[in-house]
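Next, two complexes with chain A in common: one pairs it with chain B, the other with chain C.
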Partner chain A sequence: MSFLHINNIKKRFGDTTVLKGIDIAIEKGDFLVLVGPSGCGKSTLLNMIAGLDSISEGELLLNGERINELHPARRDIAMVFQSYALYPSMTVAGNIGFGLEMRKVPKAQRREAIQKVARMLQIESLLDRKPGQLSGGQRQRVAMGRALVRDPQLFLFDEPLSNLDAKLRVDMRTEIKQLHQRLNTTIVYVTHDQIEAMTLATRIAVMRAGELQQLGTPQEVYDDPSNLFVAGFMGSPSMNLLRADIVRHEGVLHARVRKRNEDVLMLPIERDAEALAGWEGREVILGIRPEAITDPASAHHDGRIFEAELEVELVEPTGADMYVVTHLGGREINARMRPGTDISAGTPTRFAFDVSRMVAFDPDSEARIRHT
Partner chain B sequence: MPSSPPRHGEGRGRLQQWLPKLVLAPSFALLLFFVYGFIVWTSYISFTDSGMLPDYTWVGLEQWSKLWRSWTWGIALHNIWVFGLLYIVSCTVLGLLLAILLDQRIRAEGVLRTIYLYPMALSFIVTGTAWQWFLNPGLGLEKTMRELGWESFTFNWLINADMAIYTIVIAAVWQATGFIMAMFLAGLRGIDGEMIKAAQIDGAPTWKIYARIIIPQLRPVFLSAIVVLAHLAIKSFDLVVAMTGGGPGNSTAVPATFMYSYAFSRNEMGIAAASAVFMLAVIAALIVPYLYSELRGGRS
Partner chain C sequence: MSSAMPGRRSLSGARVMLYAVLCVFAVIYLTPLYVMLTTSFKSLEEIHQGNMLALPEQWTVTPWLDAWSGACIGLECNGVHGYFFNSISIVVPAVLISGLLGAFNGYVLTKWRFRGHKIVFGLILFSCFIPFQIVLLPMARVLGILQVANSTTGLVLVHVVYGIGFTTLFFRNFYESFPNELVRAAQLDGAGFFTLFFRILLPSSIPIIVVTVIWQFTNVWNDFLFGVSFSSGDSAPITVALNNLVNSSTGVKAYNVNMAAAMIAAVPTLIVYVLAGKYFLRGLMSGSVKG
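Up next is the complex of A and B:
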């Protein structure tokens, strides 16, 4: 029995169906991140778990108990909002303690709980201030304090970091992760930042237009995307997606990719070969992560490496890495190489493809082609 | 449109620069003369021996001391105090309640909002006359109830010297409540929805969400409402004239009717001028700090 079970949940606003049957189950201590483009229904789903939006169809189970109709205050959950939603007329201490006050916790006990949380979040010196006198990052901490102080069964976060500047966002991300590990809480977290999703989650649910695309660990979602959308959405820079024909060459299945000139590149099929055998003579979309295309010296030799010479079009050093752009299958292709490698635009260079990390998709249905 | 030759353009540019000032100048001059000029003139008259006609003999504070010794002025001040307090409190409380009810996303909101706002579109004379008929024992409510068979029904506040001031409160509240409601409704709509969701999750019942979180945030709206209502109350003249004419006796006299009757029927222009200057001072004491804080707030 899972801890939180979202069972075929649907949401309709009038005639439009915003969530089309979402199935997710997580265990106690999981950090579930809902990602997806804007408007795909992440906030709606979170609000339904909180009890702020009604559930049109399906069942919501927390700890094995159906909570569809339970009032938000009685679900034993806490939520952190994107706008922080602090009460402007109360002090920081008043904000943090409001939930306890409403639950009639005695004053002395309340003060102690507020102190403890304030210490944990390092906002003790701010307790007497009003939210209007705080910086964005401090407000964010207060909003977290308000959630933490009640020690609920489940935490909900709706894009809590999206109003912070880039540096603070990274710091808070680390802090949330530490908090999760230390307190071993169960969290459902909404974001449309896929780096946040990858770093925080124990499980990621990728959503698109009200449908669940894939549910899995960050590594599964990254390495084993279930369709073209997930492949393109997760990862930055994103996965290279190029057109290829599946052919048999010297008895071995290959993906044939066109270079800029009329030449072709033959990449041996390593992964999902059984399923791809059925695609012989047809076109597929090939997915290769930038880090699976490198310079031969830094190639991972536990994978199956295939080397080829291609013309470099552009070199983009980022400091930590060097992204090298070339042309394959009618598309610009990003390769990640060791910084300082002596490569310049316009020269033919050897690229090493880790073909064991290559995936293929059906160009019509956009589904992953793999053994089922 | 293609651009005109530069020579013409320059002339037109200068004209365009001056035109607004030229157009506004006459009304500005009139305003300066009729409003501020007469304020100065009235203040001066209050220190003269004017009776039926202006008389520029300086008498110092004599008219002012007559004013403060006048029995009717005492009644007028008492009435404006009772009226003003009840009017401001009732309009604010009722306006807030109506706004909260309308904020529950009920279906007929648009229609109801219009209905509540309509009285504000009527002139005070119309409101006063309508309520005068409605509350007149021989014409309105009392007569109707008796005709319907409730023989002992009595509602004669309008002709009762002790109660007549309250009928004016009723009519005035009826007129302004819708407007105050609209102000509060706008304030309520400006509150972050996530904050209310957060309070729900925190376990606050609806009335506590209003009392602890929403209403404290409406402070600026309260301030605006009170300033608007207070100056309406002090200026109240037409409503009183239409409903009771200041009577029975002097029982519903207010400073504005006092000033009118001293200036135009009792031929005591000096006292009337003193009362007018006093009213101006009270309104200015209310409005000036408010406008100052509003304008300064708008700039920062």
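Up next is the complex of A and C:
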């Protein structure tokens, strides 16, 4: 029995179906991150878990108990809103304590709980201020304090860091992760940020247009995407997706990719070979992460490396890495190389492909081609 | 330095004209007030000398005392003070009740929407466009049935009913832009229908409360038509009493007393403007919601 079970949940607004049957189950202590393009229904799903939106169809189980009809205040769930939603007329202490006050917690006990949370979030000196007198980061902390003080069974976060500047966002991300580990809370978290999703989650749910595309650990979603959408959505810079033909060459299955000059590059198939055998003679879409294409010297030799010479079109140093753009399979391809490598545009260079990390997709259904 | 500044140069041209015109209008506008005030501090003999714009030679507060508690209205000679308190006892409950009902309406029409909320709001809004004269007869009948005709209670009812359209309009438009996330957060925190209203929305509504109070107070206080139609004798508001005072004086017209009584009738609205204006704080919502 899982802790939070979202069982085939649907949401309709009038005639439009916004969620088309979502199935997710997580355990106590899990950190579930919902990602997906804008408008795919992440906030709607979160609001339904909170009880702020009604559930059109399906079942919501918390701790084995059906909570579809339970009033939001009685679900033992706290939520941190994107806008923070601090009560403007109350002090910080009033904001944090409001939920306890509504639950008729005695004043002394309330004050103690507020103090404890304020200490944990380092906002003790702000308790007497009004929200209008706080910075963005401080407001964010107060909003978290308001959720934490109630010690609920489940926390919901709707893009809590999206209003902060880049530096603060990284700091708060670390703090949220520490908080999660320290308190061992269960969290459902919505974000647009790839890195937030990867670093915070124990499980990621990728959504598109009201449908769940994949649910898995961050590594699973990253390395083993279940379809073309997930492959393209997760990761930054995103996975290289190129057209290739599956052919048998000297008895071994290969992906044949066209270079710019009508030459072909033959990449041996390492992964999902059984499933791809059925695709011999047909076209697939090949997915290779930028970090699986490197300069030969920095290639991981525990993978299966295949080297080829290609012409460099563009070099983009970022400091930590150097992204090298070349042309393959009718597409621009991003490769991640060691910074300081002596590479310049227009020259032929050796690229090392880690073919053990290559995945393939059905060009029509966009589903991953793999052994089932 | 001075000649090079464009601001300076325009001041000597069109701007002087503009200020001159504005001053002229201000004087025209303020002259009646000046005459009223000075006349109310003059004795009758001095008034009869005919120099309206002159300051009083002999300042006297007798007209004010007379207006307050001695002047004859109809048959009784107790001044306007009784009617002044009538008006107070009409305006205070009328403003409070219509304001509160309007706030509730606005709250429900924006945060607890139901099927057909737009039609309901449209109908309430429509009441703002109904002229006073149209409701006179039906209202008289209703007051009669409720047995509150010719009483201040009846006038309170009339003003509440008539005011709800406006107060609802004010509060609905204000709460329309009140962030829904705040309402949702409070619901998760366990706030119910009334707690949400009194603890979350109302404390953030000071600007619109001030607008509503000013609007309703001036309208109710200055009302003459409803007052003269639905009250009689002792229950009349001060506007009606003022009219009776001016019209019922037998013999010589006591202009100084009339002016003083008119000033007394005008003072509360002035006070409301001055006091309420001070609390008209903008940007009270800043900081609750970002972006």
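To be clear about the criterion, the second predicted complex is superposed on the first by the 372 of 372 C-alpha atoms of A that agree within 3 Å, B and C clash if a C-alpha of one lies under 4 Å from a C-alpha of the other, contacts with A are read in each partner's own complex, and residues count from 1 in each chain.
Operating definition for what follows: a contact is a pair of C-beta atoms (placed from the backbone, for glycine too) under 8 Å apart; a residue touches a chain by one contact, two chains touch by 3 or more.
These numbers come from a predicted model, not from an experiment.
Trainee: Based on the superposed arrangement around chain A, label chain B with chain C as either clash or fit.
Mentor: Taken together on chain A, chain C would clash with chain B, as the superposition shows.
Trainee: May I ask you to decide whether A:Gly99 touches chain B, chain C, both, or neither, giving the answer as first, second, both or neither?
Mentor: Both: A:Gly99 reaches chain B and chain C.
Trainee: Just to be sure I read the superposition right, which of the two partners does A:Tyr87 touch: chain B = first, chain C = second, or both, or neither?
Mentor: Both: A:Tyr87 reaches chain B and chain C.
Trainee: In the superposed arrangement, which partner chain does A:Met79 touch: chain B (first), chain C (second), both, or neither?
Mentor: Once the two structures are laid over each other on A, A:Met79 reaches both partners.
Trainee: One more residue to check, A:Gly235. First (chain B), second (chain C), both or neither?
Mentor: After superposition on chain A, A:Gly235 lies in contact with neither partner.
Trainee: Using the touch definition from the top, say if A:Gly132 reaches chain B (first), chain C (second), both or neither.
Mentor: second
Trainee: Between chain B (first) and chain C (second), which does A:Asn163 come into contact with in this model arrangement: first, second, both, or neither?
Mentor: second
Trainee: Answer with first, second, both or neither: which of chain B and chain C does A:Gly329 touch in the superposed model?
Mentor: neither
Trainee: Of the two partners chain B and chain C, which one touches more residues belonging to chain A?
Mentor: C
Trainee: List the residues of chain A that touch chain B in one complex and chain C in the other.
Mentor: 47, 50-52, 72-73, 77-79, 81-83, 85-90, 98-99, 102-103, 146
Trainee: Using the touch definition up top, name the residues of chain A that touch chain C in the complex.
Mentor: Contacts found on chain A: 47, 50-52, 72-73, 77-79, 81-90, 98-99, 102-103, 130-134, 136, 139, 146, 150, 163.
Trainee: If you look only at chain B, which of its residues touch chain A in the complex?
Mentor: 192, 194-195, 197-204, 208, 212-213, 216-217
Trainee: Which positions of chain C touch chain A when the two form their complex?
Mentor: 179, 181-182, 184-191, 195, 199-200, 203-204, 284-291
Trainee: Any idea which chain A residues touch chain B in the complex?
Mentor: 47, 50-52, 72-74, 77-79, 81-83, 85-90, 98-99, 102-103, 146
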